[in-house]
Every structure is written in C-alpha cells, then in structure tokens.
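A, B, C, D, E and F label the chains in the order they appear, each numbered from 1.
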Amino acid sequence: MSDVKKFLYVNRKAPYGTIYALESLEVVLIGAAFDQDVSLAFLDDGVFQLTRDQNTDGIGVKNFSPTFRALGDYDVTRLYVEKESLDERGLTADDLQEIMYEDEDDDWAEKPAIRIVSRAEMTDIMAEQDVILSF
Amino acid sequence: MKIGVVISEGPYTHEAADTAYNFVKAALTAGHEVPRVFFYHDGVNVSTRLSVPPQDERHIQNNWTDLAREHGIDLVVCIAAAQRRGILDRNEAERQGKDTDNIAEGFRISGLGQLIEMGIQTDRLVMFGD
Amino acid sequence: MSTLHTVNKSPFVNRTLESCLNHCKDGDAVLMIEDGVYGGLGGTAVSAIVAEKAGSVSIHVLTPDMEARGLSADRLLDGITCVGYDGFVELVTKHDRTQAWL
Amino acid sequence: MSDVKKFLYVNRKAPYGTIYALESLEVVLIGAAFDQDVSLAFLDDGVFQLTRDQNTDGIGVKNFSPTFRALGDYDVTRLYVEKESLDERGLTADDLQEIMYEDEDDDWAEKPAIRIVSRAEMTDIMAEQDVILSF
Amino acid sequence: MSTLHTVNKSPFVNRTLESCLNHCKDGDAVLMIEDGVYGGLGGTAVSAIVAEKAGSVSIHVLTPDMEARGLSADRLLDGITCVGYDGFVELVTKHDRTQAWL
Amino acid sequence: MKIGVVISEGPYTHEAADTAYNFVKAALTAGHEVPRVFFYHDGVNVSTRLSVPPQDERHIQNNWTDLAREHGIDLVVCIAAAQRRGILDRNEAERQGKDTDNIAEGFRISGLGQLIEMGIQTDRLVMFGD
C-alpha cells in the first residue's frame, strides 16, 4: 500500500438544520494538511449544502457556505455531486455555487471543482476509496 | 397569551435551540408571555456554562441566560435527562459525590412535573426538537 | 378548533412530512421550519403530495430558514405562504394547539 | 376551560436506537400524578415500542418495555395504536404486548389498554387534545 | 475489492436504506444495525426493495439489535443472515472498507 | 488487523456509543487491535465525568474508561466539537477562563488531525453515529 490513501468525505445531510455539514467541512480543512488523495461526495440532502445565495442572518447562525469556495486553496479540487439527487430536489447545476480551483498540472488554469456525476458513477467513486468518512 | 416552550435537542448539533430562541423573542415582542422554557432530552446540554463556541458563532447558552434575565423566563432543565448527560448544579454535584457542577446562570434543574405544570398553566405549548 | 402542525425534517430523507399531512384536518395549518422548508419547493419528488393537501390545509414556510438555505420564494409551490418568526407566533396563537412532528 | 386538560403523548420513534421512547415514558409516569386526562398515541415507528418479547441483554441497554404494563396502575388506560402503521410494518395486534387495566367504572373489570384505531380515528383523537407532547 | 455498508435507520421513516442499496455494487455486503434492523423484516412496505437486492448483495442483520426489539429471525426476509458483534467484526475485516450510511 | 472507530452521537440519546462499545469488545476478543476511538460531533459528550445515569442502567463513560485502560485504547475527543458542547480538560478550562473542567479519566482532547491520522494508520475505519 502506498503512503497516500484515498479519502472520501460523504455528505448526505442538509446544512443548518443539523451541524454535520459544518463539522464535515472542518474535517476536510484539517485533513487537507495530510497530503492524502481527497474527494468530497454530495448526495441525497447533501447537495443542498452547495446552493448559491445562502443568507443566515435571519436564523442567527454562521453562514459557512463561502468556505466551499476556499477549498481549492487547500488542494481539495474534486467535489462530486450526484445528478439524481439534484433532480429529485428540483435543482440543477446552475443552482449551485461556482467553486473553482487552479490546476497545477495544466498551467494553473481555472477549473470548476464541482463535477456532476450519475448515481452509477458515484457508486464507482465510492468503491475506489480507502477511507470513507460519513457526515 | 401564555406560551410554554420545550427544547429537546442539544445546542449547535441541531437548529432547535436557535429556532426556539428566535420564536421566543418574537413572542415576547408581540406582547405574549413566555413564563417557562423546559429543556428535555439533549436539550439539557444547552445549559452547560462550559461551552466555548468559536468567536464568530452565536453563544447559545449566553443568549438564553440573557433573554431569561431580561424577561423573567424560568429556564428549567429536566433532572433525569440532565443526570444521564452530565449536567449538574451544585446541589446535585454534592449529592452525587461529583467534584464540580457545570450549569450556567439562569438555568435551574428540576423535575418533569415542571413540564406537565407548564402544559397545564399555559395557553399553548410549542416543542422544538428532532 | 384547529391545529398548527410544525415539520422540521427534509421530506427527501424522512417521511415525517408525509405522516403529518396524513393526519391534518381541513382548516389546519402546516408550518415548515428548519430542514422542513425543503418540503415547500416546487418541481421535486415530493411536490405532488404537498400540492394535493394545499387546498384544505394552509401551508407556510419559515422565511429565515428558506433564506439560510439559499431558497427564494419563487421556488415555492403555488399557494404556500412565507412567514417570519412573528408569523410563526401568530400561527401558534391563532390555532388551538400546536403539534410538533419531531 | 375546566381544570383538567386533555394531554396526548405522541410516540413516533422506535425504541433503543434513540432515547425518545424511554424518556417519553418517564414523562408519562410523572405526568400521571397531575390528574389530567391522559392518552398515548403510537404511530409510525412508535408502534415498535409495544412489541412483545423485547430482550436487550445483547445490547447492554435496559429493557423498559415491561413498564408499559404498569401504566394501568398509574391510571393511564388509553394507548391508541394506528392500524396503518402496524400494517406497513408487517405487524398485527398479536405482535404487541398485552397491556391491561382495571376499569373502576365497570366494577374493576380487566380490560385491554391498547386500542387499535384507523388513521382517520387517530387524526380525530389528535384534534381533540389540549396539549400534545411529541416524542 | 468490496464494501461493507452499515445502515442504522428505520426504513419506514428514513430513506437511507434505499440510498444505500442504490449505491451497492455486486459482491458488497449490507449490515443492518440499531433501528436499521427493521429493514430486514418480511411482509412490510419496504420488503420488496430489499428482496430485490438480496441476490447481488449479501444482507445481514445484527442479532442483539433484533432481539432488543422483540423481532425473531423467522420474521426476516429469505436470504438475510443474522450475525452477532463477532460477525460484525468479521464483515468489517472481510471487506476492504466500511461505509456507514449515517 | 488495526481497526479505527469513530463515535458521532451522544451517550444514552443514541445507541451509537453502545454499538461501538460492543463492536470494539468483539474486535479485541477476535484478536484485532483498536488503537484509537475518536469522538466527534455529539460523540464528545460521552467523555464527561459528570454523568450520573440511573443505578439500573449502564454507565457509558465508565465502560469506555475501563475498556481503554484494560486494552490501551487512545480515546480522543475532538477539541473543536468539544469546545462548542462544553467538554473541557484542565488545560482548556484554564486557557478559556472557565472555573472547572469536566472530562473523564482515559479521554484526551486533541485535534481533528488525530481522526485523519487514524484513517491513515488503520486498516479499517468504522463509524457509529446517526
């Protein structure tokens, strides 16, 4: 086994109603320092974490959604979002934040970190991992 | 009107304590009375004075303590639920042989009878939980 | 005599909204709060069961919870009303009892 | 309004996976001292609380199901169980514990406390209450 | 390479079991624990989706959680295996990774 | 094999801490190694020494403290999750200006890096939560 493991953070819960989404992101940020092969998966209600224009002033809770846009700086560049989960919720890719990263292997070209995948592709991605952390 | 409130989930983990807080403020603003808030299940964890949330997040326990002081709200923490989860006042700590208590100012530990009494004495009961 | 029902769970994960709607009487009100606000969205896998009930029961969503989740009012099903915490209080006092579908 | 209010305890969650069922029962027992008009409702996964032959030795958690049989001693004599909830779960009335009480208005005759009701009846019962406590 | 999936939620309330089964590959295993054991029952509103998957995926329930809930093994769908905590450990070691469907 | 364990829910409220306990005992009996258990989200509440469950119920914190002592398991409580929820050790209490700590023997507070490290260094990771 190589020194680098494939870590997948699986996000299946909506933001704000419970703390899992926020505390998942806190693990991702800390975990980024460990130079592992990191991906994030968003499925079921987890896709709601990525919606645009979140404004938490009314509920008095901190809005953590801008943090997703900083993930590129932590070399977290793959956010897989399940298409079927979006469809069931009446969402499209346009409803999600734009999250970009600079690809160091491609002359630092700006690329989107969010990759919409089918349920079958998501299943394959899950099956390739060494460690799966569920939130 | 007299409105009683129950909070059944822990702070930060679940939005219940936040929604309840915003609801109670609105009820008071509208001229209603909120004589008591009863903390049950993990709701008892709202009452710890040891919570230290990040600087840029709301301080849920402080918010309740302040609101209760300002409006004379009776914040009651269920004793049975609190014992299981490690929430104690000085009396309980002594009685149980524990070296410290951890309850915050403005909260008091009492029995489930206070919940039933609240149900009897208020015009409406609203529960926040999971 | 009527009831205000509150629902705080996402209908895509949890069947609580369904159970609530199955136990409403005509003239009752349903208020979607916290993760429950997703139940008010149009064009979703659960919109039909909500729309079906929206005639006999008045359905409301809590605006601050909508905004927190980045959902604008134009995404809501027809006939659903947005309320703030003050409207929540009004609904509680207007109906004879509140039943929380926890 | 009379001094006696109608209290309904609504139980919608399965036992042991979470503490709500046990802590609901603790409220019922304390509440019985207040001479209110008390009923219990079991619907959705709450019907699982009443199954026979619960044996928690293997999980190391206290078995609280015998407490339901003591409710009659506390003058809690109406446990409404929703038929549709049983049906969906493949359960029948025979799968539930026998819970009896002595009817003081009928020469202390032993009667079953569990009353299987339809969803429509459950809806009516809920709509008659002054206070609804949800667990 | 295969995965052990654990599910701890009742399928009558929560759609997590469904989501888990939708993301299993042939040769994977599913272990139902805690309130998840209800997913193994025959003759229920969700039995069909479990039975459909029981061929390509091995499905197990945790016996101590069954017993706690008063469910005997004869209520289980055909093809579902009962295991104890020792069997749980074996499933974890036998498969290459464990994915908890929390 | 080396098996790492994560507990994400609070004691008594959710069965997670019980299932994890029974699982870890079985893993040890089968000859596997459980070097660390990581407590996250409400799981941090397992570590309070102030819990006083009824006499006829299991004592979840004591069970973990005893098992860890017997088998050399590293019980790590996430600092960020613990601060929010009011779980402190002596150092943290002093640093935060709190008058007491409440963590039980056998648990230590540390960072989320310990979770990632556990994922890297063990052969399997098993999560218990809600």
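Methods note: contacts are C-beta pairs under 8 Å (C-beta built on N, C-alpha and C of every residue); 3 or more make two chains touch, one makes a residue touch a chain.
Treat the numbers as computed from the prediction; the structure is a model and nothing was measured.
*Asks:* What is the set of chains touching both chain D and chain F?
*Replies:* B, E
*Asks:* Based on C-beta pairs in contact, work out which chain pair has the most and send it over.
*Replies:* B-F
*Asks:* Please identify which chain has its centre, taken as the mean of its CA atoms, farthest from the centre of chain A.
*Replies:* Most distant chain from chain A: D.
*Asks:* Using only Cα atoms to place each chain's centre, name the chain farthest from chain F.
*Replies:* Computed centres place C farthest from chain F.
*Asks:* Quick check: how many Å separate the C-alpha centres of chain B and chain E?
*Replies:* 38
*Asks:* Counting in whole Å, what is the centre-to-centre distance of chain B and chain F, each centre being its mean C-alpha position?
*Replies:* 26
*Asks:* What is the distance in Å between the mean C-alpha positions of chain A and chain D?
*Replies:* The answer is 43 Å.
*Asks:* Could you check chain D for residues that touch two or more other chains and list them?
*Replies:* 12, 16-20, 44, 59, 61, 130-132, 134
*Asks:* Which chain C residues touch at least two other chains?
*Replies:* 8, 12-13, 15-16, 34-35, 64-65, 84, 97-98, 100, 102
*Asks:* Using the touch definition from the top, which residues of chain B touch two or more other chains?
*Replies:* 12-13, 15, 19, 22, 41, 57, 80, 125, 127, 129-130
*Asks:* For each chain, which other chains does it touch, given as pairs?
*Replies:* The complete list of chain pairs in contact reads A-B, A-C, A-E, A-F, B-C, B-D, B-F, C-D, C-E, D-E, D-F, E-F.
*Asks:* Please give the residue numbers of chain C that touch chain B in the complex, ascending.
*Replies:* That would be residues 6, 8, 33-35, 62, 64-65, 84-86, 88-90, 92-93, 97-98, 100, 102 of chain C.
*Asks:* Could you pull out which chain B residues touch chain D in their complex?
*Replies:* 6, 40-41, 80-81, 111-113, 115-117, 119-120, 125, 127, 129
*Asks:* Touching residues of chain D toward chain F in the complex: what are they?
*Replies:* It is residues 16-19, 59-62 of chain D that touch chain F.
*Asks:* Which of the residues in chain F end up touching chain D in this complex?
*Replies:* Listed in rising order, the residues of chain F that touch chain D are 12-15, 18-19, 21-22, 56-58, 130.
*Asks:* Write out the stretch or stretches of chain A touching chain F in their complex.
*Replies:* For this pair, the touching residues of chain A are 5, 7, 19-20, 23, 26-27, 30-31, 33-34, 36, 130-134.
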